[in-house]
Amino acid sequence: MSEYLFYPGCSMESSAKAYYHSVMSVCKSLDVKLNEIDDWNCCGATEYLSLDITPAYALIARNLALAEQQANGLNTIVAPCSACYLNLSKADHYMHEDKAFGKKINTALAAGGLHYDPGQMVVRHLLDVVINEVGMDKVKERIVKPLTGLRVAPYIGCMLPRPDYNKRYSDSEHPYELDDLLRALGAEVIDFPLKTACCGGHMTQIGPDTAFELIRRLISSADDYKADVLVALCPMCQMNLDAFQGQMNGYFHTNYHIPILFFTQLMGLAFGEKPENLGFGSEFVSAHEAMQRIGVQTPLPDAAKPAPKKPAGLPMPPARARAGQKITIGNEEASK
Amino acid sequence: MSSEDKKPKERIGVYICHCGSNIAGVVNVADVSKWAGDNLANQGVVVSRDYKFMCSSLGQELIQKDIKEQKLTRVVVAACSPHLHEPTFRTACKGAGMNPYLCELVSIREQDSWVHTDKIAATEKAKAIVAGGVSRVVHHEPLIPLKVPIHPATLIVGGGIAGIQATLEIADAGFPVYLVEREPSIGGHMAQFDKTFPTLDCSACILTPKMVLVGNHPNVTLLTYSEVQKVDGYVGNFTVTIRKGARYVKTADCTGCGICWEKCPKKVIDDKFEAGLGYRKAVYTPFPQAVPKYPVIDDINCTYFQKGTCKACEKFCPTNAIDFTQKDEIMTVEVGNIILATGWDLFDARRVPNYGYGRLANVFTNMEFERLSNSAGPTGGNIVLRDGKTTPKSVGIVHCVGSRDKNYNNYCSAICCMQSLKFAHLVHEKTGATVYNFYIDIRTPAKAYDEFYQRIIEEGTLFVRGKVAEITDAARNPGEEGKLIIQVEDTLVGKQRRIPVDMVILSSGLEPRAGSKEVAKTFGISCSADGWYIERHPKLDPVATMTEGVYIAGCVQGPKDIPASVAQGAAAAARILGKIQQKEIALEPIRATVIEEKCSGCRICNTMCPFSAILFHEDTMVSEVNPALCQGCGTCVAACPAGAITGTGFSNEQILSQIDGLLLLTLDKKKEAAVA
Amino acid sequence: MSEKVTLVDPPSAGPVAHEDLSLLNEVSLCTPGDSHLEMCIQCGTCGGSCPSASAMDHTPRAIFAMLRAGMRDEVMKSNTPWMCVSCYYCTVRCPQDIHITDVMYTLKNMAIKSKMVQDSTASDFSRTFISYVKNYGRSFEIGLAGIQNATHLKLAARLPNMIPMALGMLTKKGMSPLPPKRIKGLDGLKKILDRAQELEAE
Amino acid sequence: MTEETKPFEPVMIGFTCNWCSYRAADMAGISRMKYAPNVRLIRLMCSGRLDPTFVFKAFAGGADAVLVSGCHPGDCHYATQNYKAMRRFYLMKRVLNQLGIESGRIKLLWASAAEGQIFANEITKFVEEVRALGPLNWNKTSAEIPVETKEEVTA
Amino acid sequence: MSNKPKFAMYWAASCGGCEIAVLNIHEKILDVDAAFDVVFWPVAMDAKYKDVEAMQDGEITLCLFNGGMRNDENEHVARLLRKKSKIMVSFGSCACEGCIPGLANFSSIKEMVDTAFTTITTDNPDNLRPQTSYAMPEGIITIPTLNTVLKTLDQVVDVDYYMPGCPPESHQIAAVVDLVIAALNGKAELPPKGATIGAGNSTVCDECTRKRHEKTIKAFGRIQLTHTDPELCLLEQGIPCNGPATRSGCNARCPSAGAQCIGCYGPAEGVVDYGARLIAAFASVIDSDKPDEINQILDGLVDPAGQFYRFNLAGSLLRSSKSAQKG
C-alpha cells in the first residue's frame, strides 16, 4: 500500500467525472491510497497567469501550503490533470529557483495565514506514479482482461513532458511510458507521431479556428494510423478532442469518429472493472463500437496504415533508448 | 624573536617604474621609491630608484650598473605583471652576473595603477607591494634550471589525418615514431568522407598516399588495433605501456588477399566505417585501402568465438595466417614526446527527439550521407532513401544539430556549415533534387570558403534561415502525405513554414571522444568542461599542453576541419623536432623537494601529485619528489604536516615574509592608532 | 503600377517610432526565475515549433526582436501572446534556454495593464475564469463557456453547435449547471489574492 | 574607541593562482576595470599551494580578511589541485570560525584567466562585505561568533 | 653552600605532571642530586621567592620551568628565574606552547571564571567571584591577577632550550640531565640556543610502527566508536591522529597503544602553526571533490580546533598573546 496526497483539480468534479471514477477504481486495485488535500482550490489553469502573475502563483501555492500542512509524513502530491500538475510543480520550482519570488508569494500566503517552503512537496502526475512507483509488474499482475485487439493512439499532450526544467520527464517530445503501459494492458499501440502535440488548450474558447485545426491534426493523424481510440491523460485534452470533435468535423467537412478515453478507463477495464463504474458512456464520441472489440477477437481494420516495417534497403540506426534505459552519449560522460 | 638589531644580510636594490604615465599617473612613484629607501633599509635595501621605463635598455642598464657598483645581492622591480617582463629583468640581472632567480618583479601596474583611481590609496598599496617583494626576495635562493635529456622517439596517439601528418613530419626528419591507432587501420574519419570542401577533392585520393607512406616508413612503428594503457615518466623520458589487441591474424604470414573475408559467413552491420549503413564480415579490414592491409577478427561477432565452430577463414587462408589462439599483447616503449590526436565522436542525433533520427527512416546523419555519397560506400555512391533504391526529389539539410544549443552542446562545431554546403552540392550534382539548407548563421571563415558558399547559392540551393523546429511524418494535407515535413520558421520572412522533402540530412556536430576525460588523466593533461583538451595558450600556444612533452593536434583540441587539423599535426611535430634537436630540455626550477631527514613517511603527500612525481621508498620509509616530473604546483608542500617538503621559488619563508611585507604599513598604522 | 506614389510609408517600413530600450529588461524582470530572454539568437526555433504560429501576427522570435528594438506599443498590441497555447514546445527546444512560454504570460500581463489589448476575447475569458475562482475557489466550465459566448457573440456565431454540446455536458457527463460549491477557506483565499495583487502592483 | 570619520578601510590579502586568478587580475588591469584598492595579492603557482598557515599569518599580521582564489573546479592547470585547495578551505574556515574569525572574512573565489570582470566585481563586493563586518576584533571569543558551516563559493 | 652547580625547577600554570616525570627518572634522580645543588623546587622542597631574589644573577645553572603564564605571579617568577638562571629550559608542553591551560584562550576571562564558578559541579550558592584584592580588618589581601590570555614562557622571557611533552618522557629527561652534566664536565657541548632538546627531529610517524599506504579518507571517525585495525595507520582508518604533524620523541606511545596521537610533543621543527599544518594534512587526503560531500566528511571531525590546538593554542598564530594584543 502506497499513500499520496491527492490534488484532483476542478475538472474531475465536472467534465472529467469519468476520469475521477476510473482513477479511484484503478488506484484501489493497485493499492494506492489517495488522500485528497482538504479545501484545495483551482490551480488557475493557464488563465490566471495570463492576467496577474503574482496572484496566479499565490493561488497555486495555497494548495502547496495546504498540502504541506496536511502532509502527515507524506511529501508527494499526485495530480491526474496535466495542467494542475504543471502549475503546482512550476510554482514550487520558481519559488525555489527565484528566492525573491518565493518570498513574495509567501508574503501573499501569509495574508491568509499560510506558508510554503519551496522544495518540501514533490508534485507528480498520476501516470508517473503508476509507472515508476507502482511499477509495471504490479500493473501486469492485476490484468484479468487484456485489451487484445484494441488499437490505441497514446496521447500525452503538452504539460506533462514539458517544460523540462530539472529534466523531470524522460523525453519532452517522444516519451514511451504511456505506450509501454497500454501495451502491457494488451492493446496494440501505434507509434503516434503527435503524441505530445497540443490539443488546442483554451483556444476552443477564444480562437476556434486555431483550436479546430489543432484538434484536426491529432484526430486525423490518429485516423491515419487507424487507431480505434485515442488515450488521454488530461481532462482538458480529453474534453477538447471529445466534445469538439463533432464541431471540428463540421468545420472541415470531415467525418472522424475517434473516441477519446482516459488511460485509467482502459486500465480499469483490463483490471476487470465494469465499464459503467469507469465512466464509460459519458463521452461525446461514443466508444461503444470500439469497446465491443474487447474480449472478443475482431480482425484488424483492413486498410490500417501499416506500422513502419524494417526497411528492405539500408539498415536503420538502432531506435532511441526508452525511458530508464541508458544510452551512451559522448558528451554526457564528458560533462560529468 | 626580534631581529631588528641584526644587520641585514642582503644588499637589495629597489626599482620603481613609471611606465610613462601608466603607473606614475596614479601612483606617486617618487614617494614609493623614497619610502622604500628609508623604511626598508633595515631589511637590506641599499638603493631605491624610480625611472621612466624600467624595461627600456637604459632602465636595465641602470639595474646592471647598480648590481656591479653597489654589490647588490637581490633586486626588486616594481613595474608591470611578471607575466609580461619577468624574463626581461631576470635576463638583465643575469647579464650583470647575478643569478636571475634573485630578482623579483612585483606588479604595481595591472594590479594597482590601472585598477585604482584614488592616488593616495594606490600609492599606499604600491608601498605595500614593494615591501612584500623586498621581504620575499631576501629568502630567494639562486636557482639553476633543470636539464634533462630528450629521448628522440615520439609517440603519436591517433591515426587520423592530424596524427598521420605529425607522424610523417617527424619520421621524415629522421626520428622514430610510434603511431598508435585503436582501429584496425589508420585513416580516421577522413577515410570515410566522400569529397572534401571547398575543393571537392576526393578524400580517399588525397589521404591514401599519405597512409601508404606511413605504412612503409622505416622510421614509423605502426601499432594499429592498439591502445595506450599507461604513461609513466616525464618530458624527454616517457615510458608508455601499450596494449596491442589480438588480430587473430599472423601479420607476418598474411598477404591481405581478402579470401578470409570473402569466405566468412558472418555479416555484421558496420557501424564504424560505414556509419551503420553497410555491412562487413566478422573478419575484415575496415576498407579496401586500409593500412596495414591485414584484417582482424572481431571476436564478439565471429561465429567460432561465439559458438565454437566455423573456422571458414582458417580453412581457406592460403598462407595459414589465421591464429585463433592469439592474445592481447602488452608492450612498453620509451619516447621523449607525445602527440595526442585522438579526434572526435559524432553527436548522437537521436538525442534530438524532434528531428526523428532513428524513428523516421529517411532522416540521415552527415556521416551516413558521406557513406551514401561515397562511390566506395554501400550504395556505390547513389544517393537513395532508406529503401535502398528511391532517389530523393527533395532534400533538406539541417545545420547545427546538437551544436550551438544549450540543450546539447554550446559550442559551434565549426565544420557543419561547409559540410552542409558540400552536401548541397553533392545532392544537387548527383540527383538533381531540390535542396534546402536550414541554418542559423552561415559560417565560412577560411580561404575559398565563402566563394564556395556563393557557388552553392548559384547552383540553386534554397536557403532557409531558421533553426529547424521539428521533422515529422504526420501529414496535415495530401501534399505532405508520404513525405518528411520540415517545420521551421523562415525568420527572414517571419512565418512558419512546413517544407515536405523526401530526405533529411542532419549535420550532427562534433563531440569529444567518449572517455576523453580518462585519456586526459592517463596523459596528465586537462579537459575543458566540454571535454576538449586544453592547450597551453588558446592563441599563442595551441598545440602544447600544460604538461611538458605532451602535445595535442586536430579535433582533440576542439572542432576543426582538415586543413586546420593538418596544420596542427605539422605544428606539433615541428615543436617536438625543435625539442629533439636540442637533445636536452631546461625545466623551470620551481620544484618541490622532500627534506629526507624531516620526512617521517606518513604518506599524506603521496596522493597529492597528479603527475605521479612523488615516490615512496618502502625501505627507508621516506617520500621523494622526482624533480623532472614535478610541475611545481606546491600542493604537496602545503600538505606536508611535518613541513618536510619545500618548494623552490615559492617557499614558506618567501610567502610568509611577503605577507609580513604586505602588512607592514598596516601594522604601522595600527600601532599609530594604538598610540593615539 | 510602378509610378504609383505613396506619400506615407507603410508603418512596417518606417523607422521604429519610439525606441524604448528598457522594455526587454522590464519583461525579463517581470518573469519569475531567470528567463534568459536577453540571450535570444533569433534562430526561430520557437516560431517553427509553435502550433498556433499561423494565427499570430508576429512569431515569438519576431516579438523578441521587437522587444529588443523597444517597440513597446507594437508588442503590447500584438495577439501573439494571446494565441499561445502553453504547449512549451518552444521552451524545451530553445537552444538558449529562454523560458518563452513564461515570457508570453508576462507579455499578456503587461498588455492588460497597459490597456493596449486589441482583441479582448482571450483576456475576457481569463477574467471570467478568474472571477469564478475568486468567488468560489474553483472553476466552472459550463458557466464559463456560457458567459464567454454570451459576451463574444462573434465567437458564438462560430460555434453553432454550442447549445447541443452544453446539453451534452449536462446529460452525458452528468455535469451540474449550478456553480461549484464554495471552498471553506474562501475568505483566506481572497486575502491571499488581494495581498498578491498589492505585491504585483509594487 | 576613537571616533572615526572616514569609513573603515579593511586591509585584505588575496592569494591567487598564477594561471587563472592572478591572470584575471592582470586582465582586469589591462581592461582598466576599477575595484577597491584594499586587497593586496600574493601569487602562488596554484591554489593547491595555499598553506593554511599563510591565511593564519595574514590574519595574525593584521589583515581584516583573506581572499583565496583558484581555477574553476575541473579547470585546474595542475589537473585537480584546486579540489585539494577547496577541501582545505572548508576545514580551515571551520577552524577559523572556532578561533573567533567570522566566516565573512574569508572567501573562496573561482576565477578563470578570462574572468577579469568577475574578479574585479567580487573584490569590490568582498570589500563591502568586510567593511560591514568592521575591523577584525581579536577580543572576540569563539562563543561570540555565530558558527556557520554552510559553505558558499562564489563564481 | 656547596660549589655544585645550582638547579631550580618551577611550575606556573600546569598540572604537576612534569614534576612527577622528573621524579620518574628513577635512580637518575640521584645523579641530579649528586651533580646539582637543588636550590629551588617548590614541589620537592621548601623554598621562598625571597631566597631566589637574594641570589646573584646567573647563579642558578639549570632551571627547568614548566607551566604557562596565566597570571602576574607566574610572569613575575618567570622573570625572576630568568634573571637568576644561566640555562632556562622551557619544560613541558605548558611552558612551550600553552597546553591544556592554554585552551582557555578560546574564551575571555569572564567566560572562563563563569565556567569555573557556576557549573553544576561547583558549590557556589551565593554566586561568589574571586576578587584580586579584598580589604580585611587585618589589611588588604591580594591574589594574582589573571592575564587576558595564557602566554607561553617564551612570550614573556628569553628561553634557552625547549623541552616538549606532556609531560616530557622520563627517558628523555634522563638524557637531557646526562647531557647537561656531561657539558658541565666539559665532556659534551650544549646545543645552540633556542634548540629543542629531549625530543626527536621528525614526527611521531617516524617512530610509529603501523603500516601505512597512500591515504584517502571518506569519513572521519572517533576512536571510541570505531573498531580499528591494530596494524594499520590510524589516519588511514579515518581516526584523526595528529602523529604526522607532531614532533617525535615519545616512541609513538599513543598509536602503539591503540590510541591516536593528540599532539603533546608539539609541532615538528620549523613549523609555524601546528594547527594549520594539520588542517592542510587532514583536508588534503579527503577523498571527494564535491563541496557537500566534503563538508559531510568534515562533520566527522567533531571539534577541529580542539583537535588541532589541544596543546598548542597559546602558541598558535591566531590565539597567542601576540596576536591577541594586536586587535
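Labels A, B, C, D and E are assigned to the chains in the order they are written; within every chain, residues are numbered from 1.
FYI, contacts are C-beta pairs under 8 Å (C-beta built on N, C-alpha and C of every residue); 3 or more make two chains touch, one makes a residue touch a chain.
Keep in mind the model is a prediction, meaning the values are calculated, not measured.
*Asks:* What is the minimum number of touch steps required to go from subunit A to subunit B?
*Replies:* Step count on the best path from subunit A to subunit B: 1.
*Asks:* Centre to centre, using CA atoms, which chain is the farthest one from subunit E?
*Replies:* Of all the other chains, the one whose centre lies farthest from subunit E is C.
*Asks:* Quick one: name the chains whose C-beta contact count is the highest of any pair.
*Replies:* Max contact pairs: A-C.
*Asks:* How many Å are there between the centre of subunit B and the centre of subunit E, using C-alpha atoms for each centre?
*Replies:* 54
*Asks:* With centres defined as the mean C-alpha position, give me the subunit C-subunit E separation in Å.
*Replies:* Taking the mean C-alpha position of each chain, the two centres sit 76 Å apart.
*Asks:* Subunit C to subunit D: how many Å between their CA centres?
*Replies:* Inter-chain centre distance comes to 48 Å.
*Asks:* Measure off the straight-line distance from the CA centroid of subunit B to the CA centroid of subunit D, and report it in whole Å.
*Replies:* 31
*Asks:* For subunit A, give me the residues that contact two or more of the other chains.
*Replies:* Within subunit A, the residues that touch at least two other chains are 172-173, 197, 217.
*Asks:* Touching two or more other chains, which residues of subunit E qualify?
*Replies:* In subunit E, 272, 277, 280, 284, 326 touch at least two other chains.
*Asks:* Among the residues of subunit D, which ones contact at least 2 other chains?
*Replies:* 51-53, 57, 62, 80, 84, 88
*Asks:* What pairs of chains are touching here?
*Replies:* Pairs flagged as touching, ordered by label: A-B, A-C, B-C, B-D, B-E, D-E.
*Asks:* Would you mind writing out the residues of subunit C in touch with subunit B in their complex?
*Replies:* Result: residues 41-50, 53-54, 58-59, 61-62, 89, 92-97 of subunit C touch subunit B.
*Asks:* What part of subunit D is in contact with subunit E in the complex they form?
*Replies:* Listed in rising order, the residues of subunit D that touch subunit E are 51-53, 55-57, 59-60, 62, 73, 80, 83-84, 86-92, 94-96, 98-101, 135-139, 141-143, 149, 151, 153.
*Asks:* Considering only the defined contacts, which subunit A positions touch subunit B in the complex?
*Replies:* 171-174, 191, 193-194, 197, 217, 220-221, 224, 308, 311-321, 327-331, 333-336
*Asks:* Give the list of subunit D residues in touch with subunit B in this complex.
*Replies:* Interface residues on subunit D, with respect to subunit B: 2, 9, 11, 13, 19, 22-23, 25-26, 28-30, 32-35, 37, 40-46, 48-54, 57-58, 61-63, 74-81, 84-85, 88, 120.
*Asks:* Along subunit E, where are the residues that touch subunit B in the complex?
*Replies:* These residues of subunit E touch subunit B: 201-206, 212-216, 233, 235, 243-245, 248, 267-272, 277-278, 280-281, 284-285, 326.
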